[in-house]
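One chain, subunit A, appears in both complexes that follow, with subunit B as partner in the first and subunit C in the second.
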Partner chain A sequence: MGARRRVPGLERERARWGWRFVAPGIVFFSIFSFYPMLNAFWTSFFNKKLLSLKSPDFVGLANYVRVLGSPEFWNSARATGVFTLGVFIPLFSLSLLFAALITGLRRGRRLVQAALYSPAVLSSVVAALIWLLMLDPRGLANQFANFLAGTPGVDRKWLADARMVQISTMIVYVWKYLGYFTILFVTGMGKIPESVYEAAMIDGAGPFRRFFSVTLPLLRPTTVMVTVMIVIQCMKTFSTQYLFTQSGAPSAPINVITLNIYNTAMRDLNIGRASVMSTLLFMLMLGLTYVQLRFSRRGEDDL
Partner chain B sequence: MTETASKRVAKTLGTLGRASGAAVLAISCALIVVPLVFMLSASFMPALDIVKIPYRWIPETWKPANYVRALAGNDGAWMYLRNILNSVVVSGAIAASTVMLSSLVGYGLAKFRFKGRDAVFMAMMGTMMIPFETVMIPLYLIIIKLGLQNSYAGLILPFMMNAFGVFVMRQYLVTFPDEILDAARIDGCSEPRIYWDIVFRNSGPAAATLAVLAFRQQWDNLLWPLLVAQEERMKTIPAYIVKFAAEKHADEGAMMAVAAIASIPVFVLFFSLSKYFLGGSAVYQAGKE
Partner chain C sequence: MKRFVAAALLACLAVGAFAQAPVVAALKGKKVEITIWTHEDPNRTALEKRLIDEFVKANPGVKVNYVTYPSGKIKDIVVAGFAANAGPDIFNLEIFDGYQFISNGRVAQVDYAAAGYRNAKDLESKYLAGMLEPVIEKGKVYGLPLELTNWALFINKKIMRDAGIDPDKDWPRTWEDIMSQSERIVRREGQIITRRGFDFRYPYYLTSVMPMVEQLGGELVSKDGKAVVTNDAAWLKVLNYFKDFGPNGRNLGSPTYAAARKLFDNDKNEIAMSLSGLYQEARMRDANKAFYESGEWMVVPYPQWKDAAKKVPNNYYGHYYMVNAQKPKLSQQASWALLGWMLRHGEEYLEKVAIVQPTKALMESATFKAMPYSDVFAKDLAAAHIVYYGEASSKIESLLKEAFESVMLSGTDPAKALDKLRKDVRAALED
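So, the complex of A and B:
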């Protein structure tokens, strides 16, 4: 009897300890995640200025109308879209290719992975800075391109031409993250059981057939994850574009959405409009995460 | 007989394929490393030699003074030293607090039953979807209101823990044997002591990986220090680099010396812990569960 009465009390005591351990997290995320999120949404309806003492006026959807009607915003949306696509295609296919080659390697895997991964160790700013010098009109990039194309003395205007500066930012990004995504793919491929390959080999499947009919379908959870990770990271790119524009590159072609938010808030001091863009960015990310969840669920059903 | 012949052909093809694969990898690795070698060699050159055609990989005239210039700055205020210290302090504090708070919360979520636990967990995981760019301005306003601009507290506070850390620690601690915890309770051990002496002391591998990741991520952070630390003496390394490179009389050799100095600690950290990153990282495994 006594024991039975004690158990609910004990459970309640344990539950209380659970809350105590979790409490710092609840406090932290409320202050530094949920409140700012709601605040950004709320502010997007006011004409709030940074450091202004005047209390902001409610303007309804006026900020949204202004932002969605401004060519500068659509330019940023396009710059982000171009950058994301221009990074995604080479980054995804090259890291998949390298992972397949590394998996087939008998010796030196660690060395190859370390070499490919080494740029990922650098800060984004350092990576951008190195390339800033290499892309100089008299720098290595022109020398290398001219050596390959056999055209001595041609300047490709890596940091001056609108199209080229977009390509330059993509090069920095692909270079930096190639090793990281290669390793994710290598890990994913390592989880595919050897017996499946043996069965395919007995059935007479060649290396290409094995890659497309065995590796790719079974790698689906990894490919979905890598796809979403690359897209989300690209949409949040900031450091490379910031450093390039600070160092004199034309800003319009690489004025990505995060750079635009930063400048709208810190240079134009227009917090209301910056919040509109922040809210739109959040909704886009939410949509992408939803897509990821749906696709990865379906992947599990297949298996 | 035909079977052995076709097997031999297949074997030769396989060897050829492997060899060409290895060749592709070797060339790619060499190309990937080129910018790193460039950074090192250019950091010892006078600015004019960096844009010499063709580029000399080994400096003709050595200029170690670039490193002095990098540390002293273009204005000779030696601000880089202070900014490096700032980066170490901020990244270190964030790594430590991320591990501490994440393990505390992760333990609460993994080993206690209480109403609303799953809702709390889901809500915390939901914050992973909030891009930092979305909340940075409200966060900045909070910091202004608290009067914490240009302070370590302002740089550290918003990053003291994160949902990913909670997730990793919870996944790790779910498998922690309940028998040990119950035995300690029967021995009259208090809950905080169970957490500290038994749980925390035994979460080494997960805590180490998390600490390295948090440190690394913060070391790289540019956006937040740009907002909060506008005074020179409170800048961190990335903000210093941007400022140094944008200055009118910046010397290219010194720029690369700045970059090299910023990279040395992370390279040391990376290569001493490479098994965590290259052998299919522990955190990645945790993320898959």
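So, the complex of A and C:
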């Protein structure tokens, strides 16, 4: 009887300590993430201007109607979609490829990992500034592309042409995050038991068969996490597009939603409409993450 | 008589040399802390910190925090500060960004007595006509000019001669000259430009491209304020000029090449002509003294179209020092007293920082007249008007950038770009 009484007490004590440990995190999240999110949602129903001293009027859904009816917003949605897709495909496949290659390495694994990861430690602003120099008409990117194509003197217009500037932002992002996602995949692959590979080899599976029939299915939790993270990161992209447009690149092709939010708030001072776009972006990210998680759970059940 | 003039001059110099910061009676025995947010400029920072030290010595109860931010960041920082009701006591911004602070009641009216003036009339009488206009609302003045700048055309004579152009005789007077001379000067490796004749000041379309439209009779907003983007022929001519000038036309320049103004001072055979202000001379002197003293550069007026309907030089723009209206009255008084003291040193600002405070005294001073080509800037300034400013000026600047660069870089049809620009400008103003 005494033992029965003691166990719940111990659990309660453990729970109390649990709350004590997570409390700072909850407080921090509430102040710096949850409150701003709620505040942005609330602000989206007011015609609030950043510098105005007058109390903002409640306008209901008028800001939503205005934003959703604006071609500029849909251009931003297009730019974000194109960027997300344009980054997701190469970033996901290259990370997986490099992870498979690194896992197979017997020597120099850490060196290759460090080399691939190094761009990720740079701030996005520094990365964009480095690439601005490389993408200059007289920069390395043009010289390299012309060397490969054997077309000296051709200006690829990395920052000037509407299509090329979109590709340039994707290149910067893939370069910066390739190492980061490769390491996530390497970690995921490291968790797959060696015995499974040994069994597959005994059954006569070659390297490709082992990769597609063993590695990929067992890597699903990592794959889902990487997919969600890449999509969310891409939708939040800002610094590269901001710095490129500040350096003379045309804005419309790369006016992603975050850049539009920034300009609406800081340039046009219309925090009400900027909040609408933030809310819509948040809902979109939440929806996509939910769909991906549901899809992955269904996949797990099939295994 | 000569002796009297000499004695008077000596007396004036002595007064200047021993001029002391004003002791503000209202601040006696009180503690006031003033924060200044301004953009980075090492020469100006050194001068202003010295002037602040002198002011603080005369008013020991005052503490001044002088904070500088990069030019590209300061607007966001000031906006964010004021949005959180935590702005500085004193700040400065370009007028087309700063005007929104006045129209939203964020800026305090100038305290004439504290700043060293008898009244508004006395203050206005010290400046060239119209120079305080952007900061006057209902007869009250809300800012003091830190600098007003207009741009003229800097020319590298060596490059011009190398291209077979006599710069002293055949310097470009028209936009047609700019195009034809650029074609003679430009050098390329394949499609890649290695030497430009001229390039624009991207993305300052309100400041530097609007005058091209106005020369042909076009307007951004009509005088009665009812129509926007008027006179299609004028706009289309300028849009087509950009299309022709850009990488898909004659390939003479582009916003994605290094800024012409920055390359000009290097004198490395990269750019022959660049638009800039008088301040460029000090930067050139600091960056490349040999070139500055070589006599191999000159400044000529802002070009006009051959068939211009009227002469319109480059618009002038300005930074005004303003005071936060949300601060206590005593802080405001101390702020205006400090600003009055600092801005009383217009000649030093010109000598050390090469920025022009448009006071009558400065424009008549020997210091201004001794600056190379200051007469070119002064003449253009007299005929120019201030850059467009209003609630939506920042948005309109970005719309102009989008219209011109879509034509120049993305091959958009100028007529379509113009229609979109008109629609967007109207919407921006209605907002």
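Throughout what follows, the second predicted complex is superposed on the first by the 258 of 303 C-alpha atoms of A that agree within 3 Å, B and C clash if a C-alpha of one lies under 4 Å from a C-alpha of the other, contacts with A are read in each partner's own complex, and residues count from 1 in each chain.
Here is the rule we use: contacts are C-beta pairs under 8 Å (C-beta built on N, C-alpha and C of every residue); 3 or more make two chains touch, one makes a residue touch a chain.
These numbers were taken from a predicted model, which means no experiment stands behind them.
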Partner chain in contact with A:M266 - subunit B first, subunit C second, else both or neither: both
Contacts of A:L53 with subunit B and subunit C, given as first, second, both or neither: second
A:R138 touches, of subunit B and subunit C: first, second, both or neither? both
Subunit B versus subunit C as contact partner of A:L122, first or second or both or neither: first
First, second, both or neither for A:Q246, with subunit B first and subunit C second: both
Touched partner set for A:L286, first subunit B, second subunit C, both or neither: first
Partner chain(s) touched by A:K157 [first = subunit B, second = subunit C, both, neither]: second
Which of subunit B and subunit C A:W74 touches, first, second, both or neither: neither
Partner chain in contact with A:P207 - subunit B first, subunit C second, else both or neither: first
Set intersection of subunit A contacts, subunit C complex versus subunit B complex: 136, 138, 246-247, 266, 271
Subunit B residues touching subunit A - in the complex, by the definition given at the top: 14, 17-18, 21-22, 24-25, 28-29, 32-36, 38-39, 42, 50-55, 101, 104-105, 107-109, 111-115, 117, 120, 123-124, 127, 129-142, 157-158, 160-161, 163, 166, 191, 195, 219-220, 222-223, 226-227, 237-238, 241-242, 245-246, 252, 255-256, 258-259, 262-263, 266-267, 270-271, 274, 277-278, 280-281, 284, 288
Subunit A partner contacts - residues on subunit C that touch it in the complex: 72, 75-76, 79-80, 82-83, 100-101, 104-106, 188-194, 202-203, 247, 254-258, 392, 394-395, 398, 401-402, 405-406, 409-410, 428, 431
For the subunit A and subunit C complex, residues of the former touching the latter: 49-53, 136-138, 142, 152-155, 157-162, 246-253, 263, 266-271
Subunit A residues within the subunit B interface of the complex: 11, 14-22, 24-26, 28-29, 31-37, 39-40, 43, 98, 101-102, 104-106, 108, 110, 112-119, 121-127, 129-134, 136, 138-140, 143, 175, 178-179, 183-184, 186-187, 190, 207, 221, 235-236, 238-239, 242-243, 246-247, 257-258, 261-262, 265-266, 271, 274-275, 278-279, 281-282, 285-286, 289
